[in-house]
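Here is the structure we will look at.
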Amino acid sequence: MRRFGKGWRGAATLTFCLVLVWILGPTVVTAKEPYRVGAIFSVTGGASILGEPEKRTAEMLAEEINKKGGIDGHKLELVLYDDETDETKCRLAVTRLIKKDKVPVIIGPSTSGNTLAVIAVCDEAKVPLISCASSIKIVTPVSERKWIFKVAPSDSHSVERIYEFLVKKGIKKVAIMTVSDGYGSSGREELLRLAPQTGIEVVADERYGPKDTDLTAQLTRIRGTGAQALINWSVGPTQILAVKNWKELGMTAMTLVQSHGFASKKNIELAGGAAEGVICPLGRVNIPDLLPATDPQKGVIMAYNEAYQGRFKEPLSAFGGHAWDALKLAVEALGAVGPDPAKIRDYLENRKNFVGQGGVFNFSPADHCGLTKDAFEMVVVKNGTWALAQ
Amino acid sequence: MEKLSLGGQIVQYLFTGVTVGSIYGMVALGFNIIYNVTEMINFAQGEFVMLGGLIMVFSARFLPLPVAFCVTVAALTAIGAVMERSTINPLKNATVLTLIIVTIAVSILLKGIAMFIWGKDPYIMKPFSGAEPFQVFGAAIQTQAFWVLGISGVIVLLLTLFFRKTRYGKAMLACADNPEAARLVGIKVKLMVLLSFALSAAIGAAAGAVITPISLMEYDRGALLGLKGFGAAVLGGLGSFSGAVVAGLLLGVVESLCAGFVSSGYKDAVALLLLLLVLFVRPSGLFGNVEASKIKKF
Amino acid sequence: MSRGNLITLSATVLLIIIFPVLVTRVEAISHYLDVMVFVGIFSMITMGLSLLMGYAGQISLGHAAFFGLGAYTSGILCVKLAVSPWLAMVAGALLTAVVAYAVGVPSLKLKGHYLAMATLGFGVIVNIVFNEEVELTGGPSGLSNIPGLKIFGLPIRGELLFYFLVWSMVILVLIFCLNVIHSRVGRALRSIHDSEVAADAMGVETARYKVMIFVLSAVLASLGGSLYAHYVGFLSPSSFNLLFSIRLVMMVVVGGMHSLWGALLGTWLLTFLGNEWLHVFKDFDILVYGAILLFVVMALPEGLVSVVPRLSHMWKRGRESEG
């Protein structure tokens, strides 16, 4: 009891000061709260071809933004998880982003399957999701997708462009070859659905696995079906195998069309010269040099190409651009309305004329995709690089 | 473009089937070598092939082809030996199931390491003797396919000589038959185990190196190859070397014929169904020793 | 039920009840509730697998197929034929039982690696069927809009309700399995595990019991699958592949094959490791996962559950030396 003297008084004073600082602190120390954006990509697993460039792009863009002072002075904090191309992990990661990291907006996932698996979670939690996957089911029926957006052009757009081009060339009979995973099956659905409308007849419908080592069996079956063109829909090593086997089997008289997943120049390299004459629809992000100076996307695309190539020392892929668009949109929304999920959603829904890598987006309450088939240009491989297809 | 004649088609499918079947056979050989000495299944076998392919791609960038091939085989031999010393050897009385799980864990680690070193992209290299594929009845045969068949043949020959003629080879076969008796006559069983892993890894390396020019190679190709190889090993009768090779070729050809004549989507299912049928009818596999399979521990 | 088991059971029930209360108070781990729902769903499968592997001494590398059969049956019946979810769940269980019987009878005559291969092959074939039959299952694009579950008209929406639903079912199944172990069937199983030849000689109908447990484990997996379908609302074949079958076996082995508690422990640990705790390692997480797995299996071949008797043994010896 007699020890009440100096020691206790000192302690009391200290405590009082601390309490004062704690109360007054927020008004004195004005570091702005960081703005968080959640991101979920398939960096590993079957869809790593999509997720890896998306992750790199998102991180690169976030760094750029922070170097320039962040969003209105608020630092941008990108909270990124890898769902390993697994739906359960994707769901758990989204729940974690919403509950633990408390993000007001999420970009990704990379695949349509994973997106469909998490729609209910975002709906319940009322947090907007900007997916980088392409299936039309992600954003329709729009009445049940209030909180979901996507920035990747739909497979239907890609297929429409291809069929338009083939019909112009007088090609009526096509054979299709698709990989039996989410990417391939989505393409196959659209290829089969849109063919009758455009007057194209699908005379062969072959499938193969993502890790198959050889496609000669499928190609041999396609020979002699009378097909004038062959459309291959896959990503990963099988799209290279398709080109190689097509050349080796001497089938080059049959026009080979690849999906937009063929976009990286690296694929032309890997095919080792066999890719001459192969046609595919590409997003403009992959052909900056071929764009006229008047193209509204040219500036944005050239900057991204330079930055990506400079940093990672390899050509762009078809998919990194989606992450760029998603993050840019999210950041814009944050800058405009702050970290309020409902306000961000409203902002996104009404955004018109957003110049991105994938195209010029025009969102609306009835359209959470924002793109049309003009997001694609038809190109042909000439002399080891891209040229506009006539 | 005209359809291939039926003969042409069959030639095409046969050749593809035999090519990929040789790879399955080599993977199956690897499984059998380890199984014979230890009675365990090494689930990391597929990763040996994957690493063989990737290391070959990189060595071939700086070294002449034959040297790169030897470097690849040597590297994998070392990896196999390290794996055995660090994970299998320390486990004294583990059940076979535990050993299987250990090899699964090692395969995860190897895959992760490959992903770090080489990333997730597929890699390709030029065929060993880069010529145009040539035509037989209209079917196109790649020259690399001959390399695959050739190297598989040489490996089978070398292995047969090794097991029949050399002391170590005969010692390994003795371990397979009866480890207790082998130990009693002075055979160092532990050394045999180490040798079996090293040898399996070397064979895997050769398989990976020779198939990459045809089908590319990437960090996660190991699992499916391991699965098909395991299937071939079981189909041929676990422990039987000739069985492994024949079953591998059979599996490859059935797959190819099925993809060609029946349905390309279901081709893997057909091959597996064939495997299951064989197992149900003749549980010890096509060439397996029925008596031996009954008394093996697992 | 033995006293030990009763105590552990009561402790488990208590933990399950207070877990949500604790976890929702702390924001940083409030999403653990979601993870625990999946732990519960997977536990349905691993408990059955533990009976099969630990007690009956068999192996299955194809249990993801049964999980998938339950999930897809529930999904397809509810989405395409508007069947009531509970009815669909029963239908799924029945279908799985039939398939498991048809596959089990010839397969369980095989031993060891051959049995492993047969179950593995079966699992892959079923996965291929899910992938190829696009009209029925939606193929790789998946099956979506699966409705949720309702109990007497009350929709089970949100993690909390589903958590209690799943874990109630897990507890019921646990009690059932514990009773099986301690019954005549359980004893017969253990005799088969120890020596099939001897059991046969003693008149135990080994074939019948093995198939019985195989079918039981398949049905449990199917129930888990149906729950999964209604919780996530979307299915795709890639969730029911060989990799998942292997993960299930790992959960059982890491936890401890010879104990139902081991199955629960292993499922819990591997699910949390795989989804939560390794995030701090970012890109290295797959390496750490493999390393942890390797370490646990090498250091504790009897599984984590074997740590308990070892600890209590050490404690007893410590007390003895004190006295």
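Some points to look at:
A, B and C label the chains in the order they appear, each numbered from 1.
The definition used in the following text is that contacts are C-beta pairs under 8 Å (C-beta built on N, C-alpha and C of every residue); 3 or more make two chains touch, one makes a residue touch a chain.
As the structure is a computational prediction, the values presented were derived from the model and not from experiment.
Chain-to-chain contact here is organised exhaustively, every possible pair of chains being in touch.
A count of contacting C-beta pairs for A-B and for B-C identifies B-C as the more extensively joined pair.
For this pair, subunit A with subunit B, the centres built from the Cα atoms lie 37 Å apart.
Rounded to whole angstrom, the centroid-to-centroid distance between subunit B and subunit C, based on C-alpha atoms, equals 32 Å. For subunit C, the set of residues touching two or more other chains reads 131-132, 283, 286.
Looking at subunit B, one finds that residues 115, 265, 268 touch two or more other chains. For subunit A, residues touching at least two other chains, in rising order: 44, 180, 207. Within the complex, the subunit B residues that touch subunit A are 1-4, 9, 12-13, 16, 19-20, 23, 115, 119-122, 124, 126, 133, 135, 139-140, 142, 211, 214-216, 218, 220-221, 224, 256, 259-260, 264-265, 267-268. Note for the complex: subunit A touches subunit C at residues 43-44, 46, 81-82, 85-89, 91-93, 95-96, 98-100, 102, 112-113, 116-117, 119-120, 124, 135, 137, 180-182, 184-186, 189, 207. Here subunit B touches subunit C in the complex through residues 35, 41, 87, 90-91, 94-98, 100-102, 104-106, 108-109, 111-113, 115-116, 223, 227, 230-231, 234, 238, 265-266, 268-269, 272-273, 275-276, 279-280, 283-285, 293-294, 296-298, going by the rule given at the top. The residues of subunit A lying in touch with subunit B in their complex are 44, 48-49, 52, 180, 206-209, 211, 213-214, 216-218, 220-221, 223-225, 236-237, 240-241, 248-251, 253-254, 266, 270, 272. By the touch criterion given at the top, residues 27-31, 34-35, 38, 131-132, 134, 139-142, 144, 157-159, 232-234, 236, 238-239, 274-276, 279, 283, 285-286 of subunit C touch subunit A in their complex.
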